[in-house]
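See the structures that follow.
Heads up, the next two complexes both have chain A, just with different partners, chain B and then chain C.
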Partner chain A sequence: MEKASLKPGAEKVLVALSGGSSSRAMLQLLYEYNREEPHKKSKKQVFKSVEVCFIDESTIVGGEKDTVENVLQMAQKLNYNIMRIPLEDIFSPDYTTSGIYDNVIKISTDGVHRKPSQELFHSIQQQSENTSNRDKLKALLDGASKTTVKEDFYCFLKLSLLLQYAQRKDCTRLFLGDSSTRLAIKTISLTSKGRGFSLPLEIAGETQWFGDTKIMRPMKDMLSKEIGLYNQFLHLDSVFIPSLTTMLPPKASIERLTEDFIVGLERDYPSTVSTVARTAAKLKPSELMQDEKCIICLMPRQPNTKSWQDRFTVANTNSAAYTSMPTCSSSFSDGCCNVTSSECSKPVKRANTDISDLLCYGCRVNMRDVGDVTFPPYVAEKVNEQRQEELRRQIEVFLLSDDEEEQGEIGKEVHIQKR
Partner chain B sequence: MSLKVKLSFSGGMELLFNNNKSAEVKIPASINPPNPTNMQDLIFWIRDNLLKERPGLFISENTVRPGILVLINETDWELEGELDYEIKDGDDIVFISTLHGG
Partner chain C sequence: MKICVLCNKNKAILKRPKTSQQICKECFYYVFETEIHHTIVDNKLFKPGDRIAIAASGGKDSTVLAYVIKLLNNRYNYGLNLFLLSVDEGITGYRDDSLETVKRNQQQYDLPLEIVSYRQLYGWSMDEIVKEVGLKNNCTFCGVFRRQALDRGAMLLNVDHIITGHNADDIAETVLMNILRGDIARLQRCTEIVTTGDERIKRSKPFKYTYEKEIVMYAYFKKLDYFSTECVYSPNAYRGYARTFLKDLESIRPSTIIDIIHSGEAFQIKQDVKLPTQGTCKRCGYMSSNELCKACILLEGLNRGLPKLGIGKTNRMRKIHGDMPDNTSTIQHLDTLKNEANNNKCKDLLKWSTKTTPTAVTQEMHGGRYASRSAINVLLQTDSEICSMWYQPY
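Right, the complex of A and B next:
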């Protein structure tokens, strides 16, 4: 961790604690690092305060009864505030930017199921109150048939929760417990999943991509083996959190297979992990990265991934031909808006438009595997934000032209009056 | 003659052993006579006698699966000769899975 970049005593930190060995060790190290030491000259703590957040997945993956209690105690022993957020709370309006947004987004494919190129229709609707958040989460995960996709969703939901919570608590830093081993695995698995564009952010020791909250990975230079030994010798008990791939064979998901691969290589060639992790650490975020976030994973998306994907995949020619202009709202240059405005508004069905443009490549690939699913409010909110942004841009054009027209008409009127 | 050994499993390993985190076991001093019992023998012995599920998640290529940390009396087993280490009476052997989700 670069101490230089820290203003002592000014920042609040949120630690993401899963209870597993890596985050357990991270919490301990942070505690040691941040402790007020009487013999030091400056008695200021490095961080103003430390919040701990535990995302409870037990409703989905199960686990032992006392797991939650054990995790809460880990933080309480160090006198830290700990907040337990059940993963299904992602469906609660509390975890949206505005804090009150209560609509969900239903995404459905255009009938051609599991084709490489497809339009994704969506409708934003009021959440039904009859189903519990837990069932909604289950439905979302069950909507994906591949474990890889499920794991991805898992990851995004967790990150989204953590970021929202960090913002609510005014934490300027979010600590994630990715170890060097995990980052090496992520490097390979994210690349295979088509997330190379956002890769530099997802493995960076420090990133500002999420604005006010800096994500940091203090454990990035430690091997999982070192962490295991550290915990063993300090008698730090970590809990075991089952994951989606627990007890499954290595080929259950890309993530799992990559883990097997990297860890296996590490045994025979002991510097594999650090070589991969250090090589990946040299990656710099692309300059093409703008403010455009994928609505699901919140990572940067490249514009035009869709047309790009269309070009190299064999798809139904019909759908490929029409995808470039799914609705009038997508762009002005595609000729639709040359017609008069009354005709133009007809084909636009705002409730059911194609949102595949708002997804990054990785998420688009994932959506191939998904039927009809309902995403939590934060996604719906993002869609709304982006649509409004788009609308504003369009209105700007109109405003300009309106002004000109008005001026012209006034000019005419004046002319007539003069005559 | 038999050896008393303390075995511990953590990090998800316990799932393979019916959620038992530790076990005190007695193993023959020489599983493969005339050689004294070494780690290799112990690992197979665990597989045959203690393991409840999925041997593939414990053993691969005649040794423990990569990603599983083995400590012999609080020392990394790589320093003790790994599979060739000869088990002594009263040894404390710990298996820790560092893999995601065990």
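Right, the complex of A and C next:
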């Protein structure tokens, strides 16, 4: 394994365990690796401690009754602490940076006939409603009309939960069990979803994008087949976790279709997965990546994507017509729209702020298939963070705090005097 | 009745493939043409006075390209001199028919046409090549030969720039293909809108963001005359997988194609990854990353009856069969072609200069639009007889 790059020390690790074969094997390997070996000179463990986290998705995808029990036992057998977090907990204020943030963001988009250039997502921050977290999660996923989007949301929520939990437990590393097969699929599907900018981070063996918590993918060089064999030899049993697209045809979502494509291609051309994984590994994160995070997927936002989109997918025939467009959904017939416009467009316009510039390209594409939804508190919190950051940047020039800046100021003055 | 979502006036008669919006015909023309105009302007593809060759196959893409570029050239005053350039691969039942279409287009759009043929450049037509190598690798030959043929044709036309009808689907497909094949160098290059070919002849793809389906739709509504038969020698299987996959993706989410291109543009390659360096071919002077360009190796293989020479195992084949005998015919060296092209231009100039005024000649010498200055310089340096005639009027 390629963990050699790690410095042995006092780091705490959080292992994301889904119970599937890959993460099961990862847990075992970590256990073997981290075991105190009596014959070794230094009796130090590589990691100070290991935490295990299992995200329970049964609210959404169902599954067998004893799944949870089985997964919990996997970790307990190895004497690891395991925490079960239901996915719907993302709506609880505990899973935000501050830990108490309770506002949610409600986003309304005008349904079917929206044009790409009108992708203004009106958002209202409000107090969390009093429905159960479980219902909120369901409502969010139901708000997305396409399975592709649902899957994306699913993925973002899980990642966000894991990161928050890792931070709370002071874990400096988060281990994800993506196999090379998985990563090859991800490479193609992320490319197809317009997420090429953040792709290098999302498949990296190690990334520091999330600050204090480094995400690692120790299984990135192993084929899912190899993992299956390993588990079989060691008699490690894994559980089957149904996904959103289980039992659905390949065309159900981009992710599902890609999986089908790669697995099929691998059958005919056995080097497909390794080739794709190697190609993807040669990509590097762009130097344009700054700390501008997309508020939904937490991945970097590429600058100027909105204008790019507007230029090459023209959606307004002339500027006058565009501005006079009613903001309410035009799926009503003409007459109805006139009546309702005073009701629906005006208040919407005033109370809302447009958050489309805080979304990455991929999420903006996703939002086309989303109706009115309410995002979990972490999104609302991120919006505020980003806005704050924007404000700070605007007044940055006038802030005198560091010595360097002062020197810069002096330099300028000297320059002026010379002139 | 459904109303167009763009103008809110006319009846919507089509669903736009790129966005699934229901719009009217006029709005479709408008967005289609404007997106291409944006592509051209934002990427600074042309400058006034450029001589542009449109690579024309007679198929839908190039026919629409010729039509739209001519239209935009007039509408926005790009100031371009347009030409049609066709390659005759020599495929019976396919290219001969499609070339007829190009010839009709030449009449319809009133643009000068140049045809270069494989037979004339390489001494082999595609039909003869297929007879020799079979149906397995024939597309390799055709692809490699076409690229060079286009550049050579462009040189004969003395153009600065070739534009091709590659559409968004083609580019997205290539992005996927290059990831699947692990071709990192091409992965980076394939989303570039302008690539520089040999002798600084630029190549660009104004349809980079234009969907194939919309091109077909445009041709259909404008009733453009195009040729729509697939090549009789079927495309290779691996690309077929990628194509099917892309079509499936598009059916799930129409914007996928443009999303893939967006991803492709954002990719950045790590510094330490080795990329091949560009040089020129020892034998024909065409650009090549090796000592000999692919076309020369392929042609040598054909001429020596060793078609496998250029496909995969060049070095091993060379060990067995030795180097190329001297009497094998090769591709005409580019320098010869350049001289020839220059000479032709000189002759034209000469003919023209005897009929025109001295002022016009002087203007032409200072970089007119009729011929390039380099042609005149060559003329003045090489041919003293012509020189003296030129100076006579002064």
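Simple rule for what comes next: the second predicted complex is superposed on the first by the 333 of 419 C-alpha atoms of A that agree within 3 Å, B and C clash if a C-alpha of one lies under 4 Å from a C-alpha of the other, contacts with A are read in each partner's own complex, and residues count from 1 in each chain.
The rule is simple: contacts are C-beta pairs under 8 Å (C-beta built on N, C-alpha and C of every residue); 3 or more make two chains touch, one makes a residue touch a chain.
Quick caveat, the model's predicted, so the values are computed rather than measured.
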Should the pairing of chain B and chain C on chain A count as a clash or a fit in the superposition? fit
In the overlaid three-chain picture, which partner chain does A:Lys65 touch, first (chain B) or second (chain C), both, or neither? neither
Please determine whether it is chain B or chain C that touches the greater number of chain A residues. C
Once chain A of both complexes is superposed, is A:Phe233 in touch with chain B (first), chain C (second), both, or neither? first
Is A:Ser224 contacted by the first partner chain B, the second partner chain C, both or neither? first
Scan A:Leu257 for contacts with chain B and chain C and give back first, second, both or neither. second
Which partner does A:Arg392 contact after superposing on A: first (chain B), second (chain C), both, neither? neither
Name the contact category of A:Glu266: first (chain B only), second (chain C only), both, or neither. first
Regarding the shared-chain residue A:Ile241, is it in contact with chain B (first), chain C (second), both, or neither? first
Applying the document's definition of touch, where does A:Leu190 land relative to chain B and chain C: first, second, both, or neither? second
Distance of closest approach, chain C and chain B, by C-alpha atoms in Å: 15
Under the stated contact criterion, what part of chain A meets chain C in this complex? 113, 115-116, 146, 148, 187-188, 190-197, 199-200, 250-251, 253-254, 257-258, 261, 265, 269, 272, 275-276, 278-280, 282-287, 302, 305, 308, 311-317, 321, 330, 334, 361-362, 365, 368
Residue numbers on chain A that touch chain B, as the complex places them: 21, 64, 181-182, 224-225, 227-229, 232-233, 238, 240-247, 249, 255-256, 259-260, 263-264, 266-267
Can you list the residues on chain B that touch chain A in the complex? 10-12, 14-15, 19, 53-54, 56-57, 60, 66-67, 69, 71, 74, 76, 94, 96, 98-102
Which residues of chain C touch chain A in their complex? 3, 5-8, 18-19, 21, 27, 30-31, 34-35, 38-39, 42, 175-176, 178-184, 187, 209, 238, 241, 245, 248-249, 251-253, 255-256, 258-260, 262-271, 273
